[in-house]
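In structure tokens below, several structures.
Same chain, two partners: chain A is paired with chain B first, then with chain C.
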Partner chain A sequence: MDKKLYIHNYCKIKNNSVNLNGEIIYSDKETEMTVFLKNVYHFLGLKYAKFFKMDSLSKIAFLTSEILVNNAKITIKETNTAVVLSNNASSLDTDRKHQKSISDPDNYFPSPSVFVYTLPNIGIGEISIRHGLKSENVFFVFSQYNETVHYTYENSLIQSGKATTVLSGWTNVDDQSVDVFMYLISEKGSIPHSAKELIKLYKN
Partner chain B sequence: MELMNKVYITNHHILSPLGDSSIENFNNLLKNNSGIKKHRRIGKDSFYSAIIDKNKGDQLFAEIGDVELYTPLERLMILSVSKLLGASNFKINSKTGLIISTTKGNIDVLAKDTAFYKDPSRAYLPVLGEKIQGFFKLKNPAIVVSNACVSGVLAVAVAKQLMQADLYEDVIIVSGDLVSDFIVAGFESFQAISSTPCRPYSKNRDGITIGEAIASVLMRKTYDATSVDVVEVVGNASCNDANHISGPSRTGEGLFLSIQAALKEAKLEATDIDYVSAHGTATIFNDEMESIAFQRAKLDKVPVNSLKAYYGHTLGASGLLETVIGLMSLHQNTLISSLGFDEMGVSVPLNIIKENHNKSLSVFLKTASGFGGSNTALILKKNSRKKGLN
Partner chain C sequence: MENLKIELKEKIIENLNLEDLSIDDIQDDDTLFGDGLGLDSIDALELIVILDKDYGIKISDPKKGKTIFESINSMAQFIMDNRN
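Entry: the complex of A and B
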């Protein structure tokens, strides 16, 4: 018998506002994406120096997971909480920075602290370090948020016993624009876990 | 828990500096031939790498498609999948999934001197997915798995999960990354590139050698007379170290947990593993971490190799490429030597395969670890065709 699963909570960041379970908890009119992300960090009252070393993709995944975990009525356990993220632009925001650093032979300055972020799954590593998650993790890249694959994979991880909770969603950063939709899937909650509900919440 | 469908790898293809078929590749390994050579670069030091002959690839591609419409990586991926499907009775249908394993895809198009520089959309991984999907007229959009150096192994695990959940009946996986200035400059900035062809687990190892390859597999819930070297995927797990974004855990925690979880799913013990196809990048920290994780998993006495000194580190392809060589090893009951190994250079001595030799094999473990603290373990079991379905 399959376990009955729910979207425990969800958080979206788009157009300079942060939305938790359908309510806007923060917004501003900042035009610089990196400053907006710093504003959200301060709004949340976080003290985590590593945040300032992260690229924007890792920052949005980190901030959103802080909001979800801190507002969850379930415990996020180290080997039971899987992390499944996806986006469209992979790590191109940082890839372009690395490319710029190697394009001019007279001004050649590739840096390991930039290069490491030229992989989209680094944000999963950052979340895992923060919450001690030694669990299943994967990063998918799709043309758009793929609710069918997300639903099927999240459900499969829990039904096959590989996780009890899944921290999942869409984390896209491209050209100064942020689009985040993340959520926790667990046996506790009120919104049934289905592809239909996921795409409804994402588009809403 | 419900009884899960069995999932098999039924066909495979490798396109690499060591050949344009899995057999040609395996035969080169039987002769311990390496694809790594010294390459000159304009304005920079020469370096060791294993690079595919693109001219030869383009000649072959011209027979099936328009060379100018596709990037170098797309052409090679399409070639590999064409050969994979051409050798099988399998027909693409509405329940066929496509998974692409790559870390950087067409990242070379960001450089001004490349043919597709004027088409910035080409750097996006979903566009690479659309090109492969479109060429083979697949109904389902591609899933790109981009999870650093574990991508190729993880892609098989993802395919298994999605097939057992009945989203797909069968899955084509194609994996690949090309050697680019982007990647080489990045690893150089980490001072991670070896000054000689890489020497996994050796005392004097000093880093990785970058390589390029395309590996593709067909995964099905059944198999037929055109299936080759069939293996069942019996266990998979992917556990994060939760320790550091660019260095492996000193205790091998994530890799150890991944192996334990994969064994549990497969209902097997460490003593059931006949062979370990390890990651073995030849960096100081990776190889050391693996030795500790293997000891914790009681696998340090099991024959183990790294194939990196044959192919270099082929990034998004490496896990799948090494899975294919591993399953061929099972079916040929042949262990391939871990090329480049001289003197034990990890603190837990491993049973490194020093010479090719025959051994009865039925189950092997494939592992990989990468940036972001990622680790993946996959357990594959040889299937006897004689008892087969169909």
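Entry: the complex of A and C
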């Protein structure tokens, strides 16, 4: 018999606001995305120097995962927590920075620390390093948040015994635009895990 | 030489995104890797790019990197000895 699963908690970051389980926990009017992300980092009281080395996509995934994990009533263990993320822009925000650094043959100095983030799934790596995860993970690129694929994949991971918890969601960063909806799926919670609930929370 | 050391500290903080540090936090003889500033392998590559881009110095023998990037002192001395 299938386990009954729940959306344990969820966090959204959009329009300079951070929303945890339907309540805004932080907002400002900063116009530079990088400064906004730094503001959120300081608001959360984090001490993790590697944060400043990350690209914006990894920063946003990292910050959102911190909020979810630190406000969860379940334990995130090394091998039980899978990570499933998706977005529309892949790593385009960082790809552009890298392209800029190699576009002039007379000034050809690609930055290694930029180049290493020219893949969208590096953010999953940052989250995994932070929590010591050695678990299943995948990053999808969709035209828009696909609640059906997310639901099916998250459900499959837990029902098949690959994970007991799934950290999942949509992390889109492009230029100055941020659209994040991440959540934890587990056997504990109050919102039933379904595609219908996922898209409702994302759009709400 | 002293100005070069300050310049190097500023470049390292900026290019390696060491936002928690100021130039006063980096001593001239601090170890840059390991227990010192805790720089990693990607940071090492960034240091090589700084030498090439800002000082026109290419490191031809990677084995020398460990000595060159040992501290601000060793980096500054290497630049003084090798830049045109």
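What to note about this one:
The working rule: the second predicted complex is superposed on the first by the 204 of 204 C-alpha atoms of A that agree within 3 Å, B and C clash if a C-alpha of one lies under 4 Å from a C-alpha of the other, contacts with A are read in each partner's own complex, and residues count from 1 in each chain.
Here, contacts are C-beta pairs under 8 Å (C-beta built on N, C-alpha and C of every residue); 3 or more make two chains touch, one makes a residue touch a chain.
These numbers come from a predicted model, not from an experiment.
After overlaying the two complexes on the shared chain, residue contacts for A:E197 are found with neither chain B nor chain C.
Of the two partner chains placed by the overlay, neither chain B nor chain C lies in contact with A:E30.
By the document's definition of touching, of the two partners only chain B reaches A:L92; chain C does not. Between chain B and chain C, it is B that contacts the larger number of residues in chain A. Legend: residue contacts after superposition of the two complexes on their common chain; A:Y153 is shown touching chain B, with no touch to chain C.
Of the two partner chains placed by the overlay, only chain C lies in contact with A:F52; chain B stays clear of it. Of the two partner chains placed by the overlay, chain B and chain C both lie in contact with A:S111. In the superposed pair of complexes, A:E187 makes contact with neither chain B nor chain C.
In the superposition on chain A, chain A positions 110-112, 116 are in contact with chain B in one complex as well as with chain C in the other. Residue ranges of chain A in contact with chain B, taken from their complex: 2, 78-79, 83, 88-90, 92, 95-96, 98-99, 101-103, 105, 110-112, 115-116, 118-126, 128-129, 131-143, 146, 148-149, 152-153, 155-157, 159-162.
Interface residues of chain A, counted against chain C in their complex, comprise 38, 49, 52-53, 109-113, 116.
Taken together, the chain C residues at the contact with chain A in this complex read 15-20, 38, 42-43, 45-46, 49, 52-53. Contacts from chain B toward chain A in the complex involve residues 1-2, 4, 43, 103-105, 107, 110-112, 123-126, 129-130, 141, 143-148, 154, 158, 161-162, 164-165, 167, 181-182, 185-190, 237-246, 253-254, 257, 261, 265, 370-374.
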